[in-house]
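In this document, chain identifiers A, B, C and D correspond to the written order of the chains, with residue numbering beginning at 1 in each.
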C-alpha cells in the first residue's frame, strides 16, 4: 500500500512546438484540452484527469516537471514531511490547471517533481461524451488513439540514489532492478500499484543530470502497438525499437522519437504484482546481454540517448 | 481456376447522402477519391483500384450496381457469351470511372451487374503515398480504417436459381450452402479465389427482388473488428450484430446499419480453400439453429432486413 | 489503499470430479500442484501462490470457501477485529496448504471466507521453471492456458447488505453498482486494487443464499478469449455467453459451464481505476436493458443460474 | 490463374529425429497422422490433406522433397510436358501416402519436387472430429497450434534461373523480387493464389545448391505469432528473429531453428493480390538496407544460414 495514487501529469519540452503538437494529436491521437501561452494541455481518452501531458515550447527538449498524486491529504502531508527531511524540497506552489496545492521538489538527480492531492476530474464537452459512463471520454479513433499516460523513465547519473529516494521518501515499491557486475545499479522499476512499473530510473550513459529517457502512453492491446508501428512509419516518426516484449516487467513496447527529440513509448501488457511481499527481481549483467524477452538485442541508442541532448550523444538515426 | 479475378466496385444508394458519407469517411475511415454529380467515389487504403465503393444519393437505399472484374480479355468474352445465352444480358456500356468497356446484365433476381476487364490501378497523390511500395496507399489511421471491399451478400427470392447462375454463367466456385428441410436453398457462399466467400446469396424473407443484404469491408485482424464495435457505438451507428465468428465460412464479423439504412459488415478471417476439388459444405436447418460458431443466436432482423426496405419488414431497432 | 492484497485461493465443489478436473487441466490449461483426499490443488502459470483453485469432489456444486489475503499482519488483525464486531466471525483455522493462520467468517449471505496474511510463494519444479525470472512458472501452452484466478462473482439474496460488508468490514472499494427502479441493488463490483473488479455480488434470482455466480480466470489478451471459445466448443463445454465486452467494468468475457455445473469465465481487459476518489458508477435499470457494451443482450440464464442449483432454476441449455 | 492449386506436402530431414518430432508435435502442435520406417507424417489442424509434413530421420538436415498439387489432371499433364521440355524431369513415381501418380523433377538449383493431382482428403478419427463441418480437423490447443503448411523458401545459387523456372515452367505468378545494384536477383516471391507468397527463392550466400531457407506454418492471428515466441522461449528453441513484420509481402513472422537445424517460421498476414495484372514489386539494394517493415535490421544469419549446413556457414547462436 502506497501513499501515492499515481504518476502524472507530466510537462514535456520541445523545440519544435508545431511538429510535436501534430505528433501528439495526429499520430498519438490525443485531444487538446487547453492552450495557454507556449503550452498545450493534452489528454488521452482514458485519462480521468483533465490532462496528462503539457507540451511546452522551449529552446530544448526534455521533461520540465513530473506530477505525482498522493492518495489523500494525509498521505500528501506525510510525504512532504519526508521530502523536506531530505533537503530536496522547494516549497508549495499553486499547482497547475486542474490541481490544487502542490509541493515542488527535486529528486537527487535534479528532475523537478510536484506532489499534490487535490485534483479535478475531467468533464467532457458534448462532442466527447462517452457512450459508456464508466469511461472519462469517448474513444476517438484517430492515430494510435493512446488511452492515457502510463509511466515515465528518467535517466539518472546515480540510479541507486534515486530509487532509494523513490522508495523511502516517495513511498514507491521496487519491483525489478539491474545490478551490474561491479555492484552498481543500472536501472530500477518502481510502482505504486499492481501495475508492473510507473516510475523508472535508468543510468545516464554520460553521467548527465535531469534527463528524460521516455514517456510511455498506454493502449489496451498488443495489436494496437503493432498498428502504432505502421502509423509511426507512415508519418515518418523514427522507430527506434519496433514492437516487441521487454524481459523486465514484460511490457510490450514500441519506441519512437517525436519531432522535438523526446523518446515516446506506446505500451501495453506488463505483469501484475499481487504479492504484498513481492521480492525485487534482480537482473544481472549477463542476463541483460540476452536482450529483450524474445532475445531481441536492444538497439545501442536506447542505452545512450535521452533529452535534452548532451553534446557527446548521437541522435538515433 | 476462375474467369473472375474479383468482385467490385459496387454502387450503393442512400437517401441520406451527407450522413452516409460521414459514415464511410469518418467511421469506416475510407478516402474520397472523386466526387461527381450525386456520387462520391470511395476507397479503402488497400484497394488496388482507384475506388471500390460509389455512394450515390437517391430516394431510397440498396445496391445500384455490382462490378465484377474478369481475369483477362478472353475470360471477359467467354463470360459475356455465357451471360448472353441466358437472356439476362443488357449490353455493353462505357463502364465507370477508371474501368473500360463493361457488359451489363442482371442476375435472375434482378440485381444489376457489370463485368469488365480493363481497369486502372490506383495512383496515390503525394499525401497518400505509402511507406511500403507493395501497398497501394498509405495507411490512414482514421475510424475503422477498413482496408478494402471484401464481399457482397445479395438477397434473392430464389437462392438456388441465382447461385446456379453464379456458378455456371459467371464461373464462381460454390463453397458452402444452406439446405432447408423442404429441400430449398436458404443461402449460398461463392468465391473466385481461396478466400472463403466473395458473392453470397441469401433468401429474401419477403420474396422481394434485387435487394441487398450487406456489403463487407475487410480489416486485417479480429482486434480491428472489436475496435470497430467501439467506434460504431461511439458514433451512434446501430450495431445489429456485435463481433463474433460465423459458423459458415468462419469469418469474424461486426454488422451495423449505416445512416442510409444499408447493412455494412466489418470483417476479417474466414477459411482459405486450397483444395481444387473442395466439396461444397451443406448446412442443414437443424445445424443453423445452433447459431453462429460459438452458439450465438442470430438476431432476427438479420434474416429479414434488407435494402431497399419493403413495407412488410421492420427496421432493426 | 486497502488492507486487502487480493482475493483467493478459492475452493470449488463438483459432483463430477473427474470431468471437472479434465476441464481445469485440459481445457483451462491449469497445472495440478497437489492432490489430497477428495481435492486437487490447481494453479495457473501466473499465480504467484502455490495454488489458486482447490477442486473438491462433493455431492453438489458451488463454492466451498473463498480466501482473501491481507496486506500484512496488522491489516489482518484490523480486519479480523472488524469482522468479529459484525458477529459473522467463526474463528481461527490453520488455513490450508501453503498459507498460515486464517480467520474464518461468513458474509451476510452465508458464503464462507478465510482471511489470512502468511502465504508461501510458488517454487516451480525443474520442468516448470520459467525462462523469465519475473514469472512464477513457465508458460504451458495447453488448452486456454489461463494465467491466474482473477475475480469471483457471488450471488446474494441481498446485494446491498453484502457490499456494505465488503466495503466497511473487509475494506474493499466499490467501483460500480446497479440500482433498480425500486431503489434496490442488483449488483456491486468491488476491488482492492486498480483492477476493475475482484469481488462481485449480484442478486440471486431465487433469493437463495451462499451461491456462486462464477469464477473468472485471467488471460492477457482478447485473442486468447476468442481462442478459448474455440477450445470450449471443441471440448463440448457449454458456452453460455460467447466472447464480448461488458458494459460494467468493460471486461472482455467468455462464459461456460464446467462439467460439474459451475459457471467459469475466461476474462481479460477491464478498466483501471487510478483516481483515489473515484466515484462509484451507478447503472440504472434502463441502462442495463441496453445489454452489454456492444448492445449484446445478456442471455436469460446469466441472471438466474448459479451453483449449487436450486430446484426452481433451469440449467443453461 | 494458375495450373497449380498449392504447394505441399514437404519432406524434411533431421539428424535428431526424436527432438525434432517433439518440436513438431509439442512446440508447433501438429498431429502425427502416420509413422513408417524412419518417417513421421505430420499435419496441422487446418491441412485438408492427410499430412503436410513428412519428417524423416537422416544423417543431415534440409528438405528432401517438395510436393506441388496441380489444379486438375489436364493441368498436371500440361506442366509435366513443360518440365520435360527443360530436361529437368526425372519421371513418374507412385507418389507418397495419400496421393496419386507424381512426376518427379528438380528445379535448376537441384531441389527435388513432385507434382501430382490425385490426392486424398483427410478423414479425422473420432477424437479429432471438428465441431464445425467446414474444418478438416478439430482445433487442438497444444503448443503453437499451427494450422497448416503455408510456404517454403528455398536457397538457390542463381535465384533468377529458378524463378524463371517457377514462372514459365511451373506456372507461378511472380509478386515481388529483390534486384541488387549489379542487376542480379537476390530473392523472388511467387504464388499460385491471392496469398502473398507460396514458393520463394533467396540467394544462397555460399553458392551451394539444393538447400532450404525455411518452412513456414500458418496461424490465423498475429497474437498467435507473439504467443509462439513465448512458447519457443520456454522450450529452448533458438529464436533467430522475434515476431515482426516483413516489408516484402508484409507477412508477420517468427523464425526459430528446430532441434534438427532447420529454420521454421510461424507466419500470418501478408497482403492479398487481387489484380490479375499485378506488376511485380522490385526492391532495390538500398531499400532492403532499411530492414523489415518497421526498420528492424535483419539478423545476419538470416542471410547466410540454411540446411543442410555448409562448412563455411556459422550456425545461428
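Going forward, contacts are C-beta pairs under 8 Å (C-beta built on N, C-alpha and C of every residue); 3 or more make two chains touch, one makes a residue touch a chain.
As the structure is a computational prediction, the values presented were derived from the model and not from experiment.
A.B. asks: For subunit A versus subunit B, which are copies of one sequence, does the interface use mostly the same residue numbers on each side, meaning over half shared, or is it different?
C.D. replies: Because over half of the interface numbers appear in both copies, subunit B and subunit A meet with the same residues.
A.B. asks: Name whichever of B-C and A-C has more C-beta pairs touching across its two chains.
C.D. replies: Higher C-beta contact count between the two pairs: A-C.
A.B. asks: Taking each chain's centre as the mean position of its Cα atoms, how many Å separate subunit A from subunit C?
C.D. replies: Roughly 33 Å, centre to centre.
A.B. asks: Counting only Cα atoms for the centres, state how far subunit B is from subunit C in Å.
C.D. replies: Going by mean C-alpha positions, subunit B sits 43 Å from subunit C.
A.B. asks: Would you give the residues of subunit D that are in contact with at least 2 other chains, written as numbers and ranges?
C.D. replies: Within subunit D, residues 132, 221-223, 230, 233, 293 contact more than one other chain.
A.B. asks: Please output the residues of subunit A touching subunit B within their complex, sorted ascending.
C.D. replies: 29, 130-132, 138-145, 221, 223-224, 227, 230-231, 233-234
A.B. asks: Show which residues of subunit D lie in contact with subunit A when the two form their complex.
C.D. replies: 222-223, 226, 229-230, 232-233, 239, 242-245, 292-296
A.B. asks: Sort out for me which residues of subunit A touch subunit C in the complex.
C.D. replies: These residues of subunit A touch subunit C: 1-2, 5-6, 46, 48-49, 69, 71-72, 119, 121, 132-135, 176, 193-195, 220-223, 247-250, 269, 271-272, 274-278, 281, 283, 287, 293.
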